[in-house]
Each structure stands twice: as structure tokens, then as C-alpha cells.
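Notes follow once the structure below has been shown.
Letters A, B, C and D mark the chains in the order given here, with residues in each chain numbered from 1 onward.
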Amino acid sequence: MASTSPSQISEQALTTLLADVRAFVDAELLPLEPLFAQAGRFDAVEPQLNQVREKVKANGWWLPQLPKEVGGMGLGLTAFGRLGEVLGRSIFGHYVFNAQAPDAGNMEVLLEHASPAQRETYLEPLLRGDIRSCFAMTEPDNPGSNPLQLSTTALQQEDGRFRIDGRKWFTTGADGSAFTIVMAITDPTGHPYGRASMLIVPTGAEGYDLVRNIPVMGEAGDGWMSHGEVLFKNCRVPADQLLGNAGGGFSIAQERLGPGRIHHCMRWIGIAERAFDTMCSRAVSRELAPGKPLGSRQFVLGWIADSRAEIDAARLLVLDVAQLIEREGGYAARHRVSLIKFHVAGMLQKVLDRAIQAHGALGLTDETPLAFWFRHERAARIYDGPDEVHRVRLAKAILKDYRASQNDTRAAPTT
Amino acid sequence: MASTSPSQISEQALTTLLADVRAFVDAELLPLEPLFAQAGRFDAVEPQLNQVREKVKANGWWLPQLPKEVGGMGLGLTAFGRLGEVLGRSIFGHYVFNAQAPDAGNMEVLLEHASPAQRETYLEPLLRGDIRSCFAMTEPDNPGSNPLQLSTTALQQEDGRFRIDGRKWFTTGADGSAFTIVMAITDPTGHPYGRASMLIVPTGAEGYDLVRNIPVMGEAGDGWMSHGEVLFKNCRVPADQLLGNAGGGFSIAQERLGPGRIHHCMRWIGIAERAFDTMCSRAVSRELAPGKPLGSRQFVLGWIADSRAEIDAARLLVLDVAQLIEREGGYAARHRVSLIKFHVAGMLQKVLDRAIQAHGALGLTDETPLAFWFRHERAARIYDGPDEVHRVRLAKAILKDYRASQNDTRAAPTT
Amino acid sequence: MASTSPSQISEQALTTLLADVRAFVDAELLPLEPLFAQAGRFDAVEPQLNQVREKVKANGWWLPQLPKEVGGMGLGLTAFGRLGEVLGRSIFGHYVFNAQAPDAGNMEVLLEHASPAQRETYLEPLLRGDIRSCFAMTEPDNPGSNPLQLSTTALQQEDGRFRIDGRKWFTTGADGSAFTIVMAITDPTGHPYGRASMLIVPTGAEGYDLVRNIPVMGEAGDGWMSHGEVLFKNCRVPADQLLGNAGGGFSIAQERLGPGRIHHCMRWIGIAERAFDTMCSRAVSRELAPGKPLGSRQFVLGWIADSRAEIDAARLLVLDVAQLIEREGGYAARHRVSLIKFHVAGMLQKVLDRAIQAHGALGLTDETPLAFWFRHERAARIYDGPDEVHRVRLAKAILKDYRASQNDTRAAPTT
Amino acid sequence: MASTSPSQISEQALTTLLADVRAFVDAELLPLEPLFAQAGRFDAVEPQLNQVREKVKANGWWLPQLPKEVGGMGLGLTAFGRLGEVLGRSIFGHYVFNAQAPDAGNMEVLLEHASPAQRETYLEPLLRGDIRSCFAMTEPDNPGSNPLQLSTTALQQEDGRFRIDGRKWFTTGADGSAFTIVMAITDPTGHPYGRASMLIVPTGAEGYDLVRNIPVMGEAGDGWMSHGEVLFKNCRVPADQLLGNAGGGFSIAQERLGPGRIHHCMRWIGIAERAFDTMCSRAVSRELAPGKPLGSRQFVLGWIADSRAEIDAARLLVLDVAQLIEREGGYAARHRVSLIKFHVAGMLQKVLDRAIQAHGALGLTDETPLAFWFRHERAARIYDGPDEVHRVRLAKAILKDYRASQNDTRAAPTT
């Protein structure tokens, strides 16, 4: 995958970059948060964000997750991971660097699998930030935890075109997208892992219908900050909309998820750091009684100490896995990716909860971003496979090594 | 307090009542939840709820928390606690029985302290359900955990009127209220516990301004389901708007909070039971693979077992404290009230979290009430004193007994 | 079961009894704890304990768990539960009242199932406290969590005698016992639940061998405070040593465990109360700096508050189940018994851990009983079925009700 | 400090070394564990361990924590940390490499502060492994969490000799030691941080009395595996037994603790890895029912996944701090050392608890080392400063940075 190519940046240059980007995020994006909070709509800040995007481009920071050959910064996965943490400090960090999900994942898939024509039509404008895209995989009637259970079909017709029928939901950013990459069954009788393919569907295609933006934690959202329910009903696309090989859907999805999860994890760490920052600032500024700041209380000190340890541990774990992916590839690292997925998501929820508690009633309002993340990042433990699925997968992989070595008790399994 | 008078209902009659009310809540109120979820506004269901209120009255269930003498059911605190759990199954349960916060608390205060004229003007229409009211205590610039730190003043002027100045927030249900009971400093140089008084302020009074409904977890809400920021600016009310004695504010507030916290706790248990119910229904109906329901997984079984134990323990604790209040009064029970306040709020958050996790992405939507409670009952650990304040108070009270008995190690402290 | 018969004591008399017994335990038993701690052997205190037993008899407190007809106090399960908590304050409480496991359970089984001859030979001296007994069920090679997996056989020979072969362990108190009740397969080809029987084996029988006292947490112990590994090797006993019906082993075991678990739970609550007591005494007496007792620290206050809430909740749960058993019998209450088994054991471990932490290095020594309980009651989450088995059982029972009511969503499962 | 000098080993050589030592530990030390468990005494294995020490020397692995100049391996702190984890797999790992506490810490102090005569008399035989030593700091009557509260005095007499009076406890390994380094007040009226000094006291000195080996978790232990209570009563030593500068006690103690805590942390990770290993081996070998190994259960899989994540996170944190110490010294890293101290100790307790639960009753016996560690490493959260002290210290240091930057909200505190 593109994002896993080795870093093209020195440690020193990276340190400077991180400091610069942090200052940039704090100066350009944090002031936009109240505006968003007040309006509760993405389109209330979209124009300003698009202006910031121009500054990002001017600074040479566009597409930090991609190689230089395609207009990115060429950071490599680990270095981008560290940058992604800084971007995560703001709700809009990834967006203004054109590194936001689901577009970043779609870019990677297109870079790897798109035909020249597909590159020109879909990838190029995506890289330029002229359009947005979405990824339609999860279905309301099937557990997201089992990717083999899909109902949506894309059956090739006599005229060569694919007819797509099915219902998807939690299609992030469908609202306003120029196209979606859809995962559908193309070969219902094939091998379970070879039944599905990916297809590119322009959102203007007949039979494609964005039914609604699903209210998540009470908010339907809009534009990039929404999760759509999409109905494909006798939706027909030409044969050349197939992305990659027929039957390759699962394998592309697997590829897409590995680095994507690293991105999520580092973004969560950025959120956790921001929450920590907010909690500590509150602890030194809020007085419970004259001369007795909140931070004089052991309960609060305990939250701070535990959060510091847990965030730092999580970061080291994620960067360790990022390096493993760079060294050995996503497949070799897949169980380690499971490990950080559930571990970091759990850490995030704990840190956000403590930061809110430290703010009292203020923590429930939108005067800090804590409440936004508390409700919207509850999803972190669910999407891309719930905690439970990742914990079981990891443990089973570990035990597999133990079973193999059962007659050789000296062996040291090291998954 | 009114609600602490002994029960006037037999165990058998109560059992029947609980079953009847449960069936009523499920039949009349649960179907209204999607309507509310879709609109995200209280006024979208208010007319229907007011119709249900008429059925409640017709069934003789109006004001279940109050004595018969004032038109209530005469259940007493413990029996009402058990009913309160059933009402808590629905977001609207307490409202349609006219037992909702903050009106229920205001009714109690007025019953105890209102002058005959105040009773007629404010209490009577409140009991009838003709108007709503609010309670303005918490201030943005002072920690809610320290009731002695108040900035709002109500200084008596030469003409005898009180001039009120100050800012309050998290004034629940201010939007649409006919009057507010405000807590303010009337004697700035008095003894710390005797500085504040309560006053009744009609919301139409000059100088009274509902600045906004504060967005809580992203939702400003409306009507009864809102939390207002209220500005008093040179607001003047006649001397006879004083409620109870001058300087009696803190003691009235204390009285008000004890039974109010029991009400909250039992409502939270009702919410937890509904979440449990929803989780178990999901566990038997959702299939992860053909013939493999969610409930075949040990992780899910663990959530169910732990939740069952924790909810039941919480209920027994609360009812035990309710009985203590009935026997010995709110003051004697104040530390036990602290105990259940933090313990039950913590239980609620755990159970809601598990129930959401069991639902996967669906749990994040408003297709169940789980997400609503997850975001709005996060406040349970904060309002009426954050967990930390209650834990410290309880522990200090316990240790006080130990210090007293330090020379008499055989004594058995029993707080 | 004997212990489940209704109480024959008034609430007032019980209150007095509990205070008297508490004072007795504190005066007679707590002073013996250092002696035991120093020697690390039961026989170092056994003579003194047997003297205390005489005082217990003189006070009319002997066999508090049994009906008056057989020389007990006739308290009934709930009232004995409350007494059991008081006895649990000391490591030796149950022993001196002749209410200790495993004898108490054996007495119940014998009362219910023993033949007149068996009563005279085994039950009578047990009730008098002249002998001790043990119960051999768990086997090293089979999971204790699955009672259907038993390897020990007791096959009836042509001469009518049973030949017993097999290995048992964790046979509590085998050292010094006069007889053991052993669970063994008597009908290998019978229905899984009808294969096993119980037999009474005098410990002097040929082929019966107490191989060793198993070191548990490093201590082999001795006498009543030991857990034996017992080998049956061509051990032959007459036919009339069969206890109850042939094939009735499992059903007797089930009967035995229900009230036994209540006894354990209330004993654990007594231990937790003692730990709480010790922690609070430490909090007011230990100074971290002049004038700054340990109890001035929020961390410690938090432990105290949480422990208070969790212990009280656990007690209410257990007494609620005891009442259910009294009303409806052990079978009806079996899933509730599972609930308290894991819930109370978990509470105990948390409270002990906090109490130790509050004592610092002192908590690791035997100068308080905390360290003894910390290491020996770790078993609470394992014996009589590990937590995991009870959680799964409870949850499955709950879901069974939900499945049954799936077409009738109004129904309210109430396991 | 000696152990913080930079590594003199390549990554490749280290990898080979770790594998070799792991194989060595498993082959030479694991088989001795049952012997120790059975006897419950260190002297039951001491002769064998001393034989293994010769093999360690022959392999060139002696004193891995020390620079080559003094006969060590010259690994540096980080590389030794990784080796320390491998040694931690066995209860005796550090001992046979002569890297055990408290000798390792004493060696470092002596290397830094001993006079030439002291080096010859005390350090040289210690490095050779000919003698053992102990470190007398903690006092029964003063909180270990506050090093400024010391009662033991060492007052210089007219004849120049120091007269030492006081009581110490938890003096690890006092039994059999040739000398102790004692911390005592030499200047009672000096600045609080300059009152204490360190002195070397031969254990044969008059007035030095090893009162007893304190039973810890019920075991008094012996030799290196014991914790002594030591009474100094009119104990006189010559002036040249002063170690380092007069009044330098606290600063030497601080120096001693930093790397010592890294050593502990890595040893704990080694223990956790061994527990993990044991749990996984059990999961694949123990059958709950035919064909249903323990490891088919989600509860067990959950323990494995969570433990894997927590151990790996802990290791990365510790190695990160070890590198920080190598780069910037122990003082700069002191708050990070606090962070790992409480974080890793907490992780260890959780992993041990799960591993025991996975073993059922077997986990309580000494047939695995789990029960030994469960009871003896409970101390990890207490010695060298309890968790609470480290959490408060870390949080206060973090908040100090925030207070400093309060007027400069853009600043990014990075403690």
C-alpha cells in the first residue's frame, strides 16, 4: 500500500514539521470549533476549512499520507502516524490536510487497483481535493463483524453492465460525495472469500439513492460529517467500473483496513492528547475554593497520571505496529493491528470520560470539544470491527502458535 | 418533606399498580420515542404526551410522589421509588405522571414553605399540570460542588423589593416555564450557611432573561427537555416573592435534594432495566451467523450477568435508603443518599455502555433510546454534586465515627 | 434443606444476638489471630478454639445454622446469614460455632439423607463437635466447572461392597477428619446426571489415603485449615455406606451447594467488613505527616466510599436471595445464587486489595488478617464453580426467558 | 550511575544473547522451581543456584547490568532492561546473574561513592558473588512514602565513631548478608533534605540485630528471599564507614532508586510474560469437555488479548524511559520513572490474576509459579513508593508545566 512505503523524512525534519503543524492546527483550526459547535453543521465551517486547505497546500503539507510521486509528503506510515496525532487535536485536522477517512482509504485503494481511466476520473480530482468520496460496505441487516455476510449483489448482466441491489449504511460522508466504492457480491456461488468485488459508482447514477443521513448520537450531520444510508435499487454501471479484479473485494478490503486502522489509532491518540491538555488546563485554572484549584485534588491528579501513562503506552504501541507494517507489510501485522484497534479505542474512551468529569457541567456542553468526541468516538469501539472481534482474533492467533509448539515447550511463541 | 410520608398502599396493591403502570408505559409511551428521536424536539411529542397525561389522571395515577391530601397517590417514598423505576423505562414516564424534575422538587418545596398566596398562584397550577417551573441554582462561574460559592444576589431595596442580579445555567426546563425558584445571596455578610434565600420569580418578570438553551451533548433541546442559561439583570420582585425564611436557602436546598436524589436513582435504575431489556432482546434476536445468536457469545453473556447483578444491587441499595428516609428523615440519611448517588450513576453508565456495544452500529443511532441516554445521562455523575464530592462526603462521615471511637476499638461504627 | 427452614427468631432478638456475638467474636477470637499468624498452624490455636466452643455452647449459640430440633439455634437461612457475617469477621468464627465448611454442608446432607444408623455413627458426633468430616468431590484431572466429568468410580462388587478408585483434591479439612463423603461414579453407563452417588468413607478405611495437604498459596496448612489430596485405591466399603439413593449424587450435590454458597457469601461479607474496619482504623490513626492522617487523602477516601457502597450492595443482594430460598426453595433460586456467588467474591477481592494498599508494607505482613485473606480468599472466585461458570449460567437462564417471550415483547422476564 | 552508561552491544548480538539466555533460564532454572516450591525455603535451592552461577560466569554473562570495566557485560540500561525481562521469567533469574535486588543497587552506590578501602572490603566480594548485602531504609513507624520522616539516627560521637539507633524493616535479604547500607539521620537540625547519610554496617557489628525475618504473605522466607526487621541499638561503627558525603543520604537514595525501578519494571514484565505463557499453554492443553479446550472460551480469549496488549504497552513504556535515562540521566527522567513504576505494577497484578483464574484450583497451588508471584508481587504496588505517591508526583509535575504556561496557551507541556 502506498502509505506503507518507507519514510522519506529525517527525524530532525519530522520534529520541526510536527511542531509547525501543531502550531498551525492550534492557530487555524481550534478557533473554528466554536463556530461548528454553535451551528452543529459541517457546512457552517466548510468554506473556512477549504481556505485553510489552500494554506496547507502552500506549506507543502498536502496529502501527508501519500508518497511524493502522487503529490504527497512521502512521510511513510510511522512518520505520518506521528503527524496524524497532531492532526487529531482538532476535529478538522485530517480534513484540511486531505487525509480524512474515508477518502484517504479510497485514495490508497485507487492508487493500487484503479485502471488508468479510473485514476483520471476518480483518483486525480480526489487527490486535488476537488471532490469527496465514500465507501459503502456495512449493511444494516448483517453484522459488521462478519465481512462474509453480505446481501448486496452486483450481478453482471448480458449487456456486460453490473446491476447493483442492496442497502448499505454508515457510509461515512456519502452526503456530497462524487462517487462511492461499493462492496458487493458478484459471484454468489464462488468461494466465500472470492464472492465479492468492489465497484466505483458515481453518486449520480440511476438507482443510487442516499436515503438519509443516519442520526448518530442524535445528530444526522451533513456533508463530510455524516453517515449515510444508501439504497442501490436496480442500479446499473458499466463493466469498467469494476475496481481491481472480480472476486477481489475481500482482499482489497483487508488491505484497505490495515493502514486505515493505524490512521484511526493515531487520530484517537491526538484526540486523547487534546482531552488531556484540556483537562490539565482546567485543573490549574478552575478554583474549587480560593487558592484551591481543581488540580489540588487527588482524584484529579489520579486521572491525570493514569491518562498520561495510558496515552503514552498507546502511542508507543501504535508506532511499533506502524514500523512493523513498514518492515513486514500489513498482512504480517494484521493481528497487531487488531491489538491496537481495541486497546487504543478503550484508552480513548477512558481519557475522554475523565476529562469530561474534570470539567463538571461545562464538560457536557460544546464549549470544549470533549462532549463531541465523547458521543461521536463511542463508535471507535464499534466500527472497523468491534473490540470483541479484534480481541478474539488476536487471542486465537496467539493460541495457534501455542498449539503448534505444544510438543516443543521450549519454543517461544511471539505473536 | 411531602414525599417522605409513610406509604398508604399495601404491598399487594403496589404489585398490581407496578404491573399496570409498566404495561401502560410500554403501550402509551414507547411508541412515541421514535417520533421524538426523529424530530429531536420535545414539542414534537408534547401534544401527545399531554393527551397521555389525561389517561394517567383518569387512572388515578396523577402525582404518584405526593400525598393524597394534595391530589397525589400517597405512595410514600419507597413505593414511589419502585414506581419511579417503572416510569424510568421511558424518557417521558415521569413527565406524563407529573412527577418530572425539576417540577417535582419545586412542588415539595412549595408544599413545605409557600405562603397561602404563593400556593394558590404557583403550586396549584403546577399540581394540576397547567404550568411548568424551573429551579435556578447552578452558576457558570462557581463550582456546583460547593453550594456556598454563589455570586447571584437578591438584595432588598428601600422599597422592600428584591433586586436580583446574576447568571445561572443548567436551569432545567427554563424554556416554557411559568416561574423559576432562584437561589441568591440576600445577606452577603451573614453566616456562610445563612446568606442565601429562595425567591419565586415569574419568568415574565422584567430583568429576567432566558439567554439560551445550552447545547448539552450537542443538543439545545426545547421546552421541558432543555437546560437554560438565565440572566437576572436588575430584576425586581416584590418582597412577598421570598420563599420560606430569609437566609433559609441552603437548608431548603438540602431538603429538596434528598428525596430528589432518590427519584433520580430510581429513574436511573429504570433506564438501566430498559437498557438491559433491550440488550437481552438483541442477544436472542440478532444472528452473527446462521443459528449463532449474539447471545451465544461469552462476552455478551458476561455483560448480561454483570449488569443483572449490578442493577439488582443498586435497586436494593436505593430502596434501603428510601426506607431509612421514611423512618429517620432526610437529614439522618444524607450520607447514605450520597452513597447511592454515585454508586447508581456509575452503574447506569456501565450498563448503558454494554447495551450499546451489544448493538454495534445500531446502538449509536436513535433507533433505540440507548444513545439518547448514553449522552444525556453522562450528566448523572455530575449534576446534584459530582461523584467525587459524594464519595468524599461519605468517607469523611464514616471516618468521623472512627475517630470518635479510636479509644474504644470495640465500638462498631455503622454509618 | 435444614438451613432453609423459616426463622424462629424475632427481629429484635436477632439484633441483640448479633451485637452479643460480635462482641464475643471480638473479645474471644481476634486475640487468637496473632498466635495463629505467628505459628502458621491451626493446631497452634485449636485447643484454645475448642475452649471457646464450650463458651459458645454455654451461650446457647451452638449450631446457629440448624433447626432447634437437632440442637441448633433455629435461625433460618436469612437470620443465619446475618450472623454468618459477624462470624466472618474472624478467621475462626464459623469454626467455634460449629458452622464451618465443609462440616456444615455435610451435616445438612446427612440430616436429609442419612439412614438411622448413619445418623448415629456420623451425624451425631458431628453435631456435638466431637469429630470433623470432609467432602471429596473435585478431581485433579477434571474441570471443577463441569460436575459431569468425574473419574472416580465406586463399583458395587459381587459381595455387595463398593470398591472405590480415584483421586480427589482440594478436599478441605481431610487432615484429621473422621470420615469423608465421596462423590463417585456408581453407574458408568447410566444417564449422565444419574451416574454418580455419594458414599460415606471412614478415613481409617483400607485403601483410603490422605496423600498430602496441598500447599495453597504456599501453605499446606493442617487440620481443619488444609486442603487434602486423597487417593482411593481399591478402597472397599460396605453397601450401607451409600448415602441416599444410588445415582442421587448430583442432585444431593446441587442441594448441598445452594445454602452453602449463601454461607460463603455472608462469610465473605464479614471478611470485607473486617477489612473495611481495619482500613478505616488505619486511615484515622496513621499519620503521613504531622496532623495529616492517611484519611485526609482523597485516594483513601475514595477506597472507603466505594468499599462501603459495594459491601452494602453485596449484603442486600445476598439477604434478598436468602429470603428467596426461604420462600421458594433452593432450586427456584439457583440462578440468583450464581449471581451472588460471583458478585460477592469479586467485591471481596476489591475490598481486600484496597485495605492492603491502605496499610502499605504492613498490609503484606500477618500483623493484620488482610494478607491471610488476600491469599486464601483468592480461591473465592474459583471454588464451588469459577466466576465464569456462574456468569454464563445466569446469563443463559435470563436469555432463555427472553427467547420464550420473543413473540410477546410486552412480557417482562424477571430472572 | 554505572548502569546508565551507554550500551556496548550491537542489536544483533543482543538478539542472540536474549535467545541464548532465555534458553538457559528455561533449561537451568525452571526445573528448580518445584524444588523451591516444595521446600518453601531458599536454602533448599541455594547450592544448585550457586552452581548455575558458575555456568553464567563461564558464559560471560556475569553482572549484565554493570560496565565491562568492573567485570560486567556493559549492556547499558536499555539492553539490560531487555535482558532483565528474560531473567524475570524465573524467580531466580536475577540471582544467578548476580543482578538481584538489593545487591545490584548496592553495587551501583558503592561504585559511585565508596572509598578505595570500602571498595576493596565491600564492593569487590559483592561483585564476585562471594557475599550478599542489604539496604536498611524503611522504618516501621514512618511512612515509606515520605523519605523525610526517618527516626533512625547515626550521631557522631566524641571518639569520631557513629552511634546508630533505630529500627528498620523490610530490609530485603538481611538474613545472611555480610553488610548492610543503612540510611540514618546524622544531622538532626540540618536542612530536611540534608539530614541523612548512608553508612556501611557489617552485620556482625555489635548492636546490630536481625530481629526476625518478617512473615510476608505468611512466609518468613530465608536468606536472600527474606525481608528482615533490623534493630540498631547503640551500634557503633568507625567514621570511615560513612558512605559518600555526610548529609548525602537522600541524594544517593534518589540516584539508587531510578535505575532500580527500571530493573524492577523489566523484571515484572518478565514475570508477566511467564504468566502469559503459562496461561496460553493451559488454554490449549486443558479440556473443559472433549475437544473443547479452555482456549475456546471467549472469557479466556479476552484475558489473553488484553494481557498481550497490556504487557506489550508496558514494555515499550519502560524501554522508552530507559532510553531517556541513557540520554538525559535519571534526574531528568524521574517523573517518567514514577509513571512506569505504578503502571507496570498495576499491569502485573492484572495479568497474574487472570493467569491464576485460567488455571482454576491449580492456579492456587505451587505447581506453577503464579501463586508465588500473586502473593509476593502484591508488594510491587507498595515498595519503592506506593502507586499513590507516584501518581501524585507525576501529575503534580505535569500540572507545574501547565501553570507555567497558563498565560501562553499555545505552549505544549511535554512531561
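Points worth noting:
As a convention for this text, a residue touches a chain if its C-beta (ideal position, glycine included) is under 8 Å from a C-beta of that chain, and two chains touch if they have at least 3 such contacts.
Worth saying up front: this structure is predicted, and the values here are computed from it rather than measured.
More C-beta pairs in contact connect the chains of C-D than those of the other pair, out of B-D and C-D. Placing every chain at the mean of its C-alpha atoms, the farthest one from chain B is found to be D. In this assembly, the C-alpha centroid of chain B lies 52 Å from the C-alpha centroid of chain D. Distance between chain centres (mean CA atoms), chain C to chain D: 38 Å. Residue positions 297-299, 302, 388 of chain C are each in touch with at least two other chains. By the touch criterion given at the top, residues 297-299, 302 of chain D touch chain B in their complex. Residues of chain D that touch chain A in their complex: 22-23, 26-27, 277, 280-281, 283-285, 295, 298, 300-302, 304-306, 308-310, 312-314, 316-317, 320, 339-340, 342-343, 388, 390-392, 394-396, 398-399, 402-403, 406, 409-410, 412-413, 415. The touching residues of chain A, when paired with chain B in their complex, are 37-38, 40, 138, 140, 143-146, 149, 169-170, 214-219, 286-289, 297, 299, 356-357, 360-366, 371-372, 374-375, 378-379, 381-383, 386-388.
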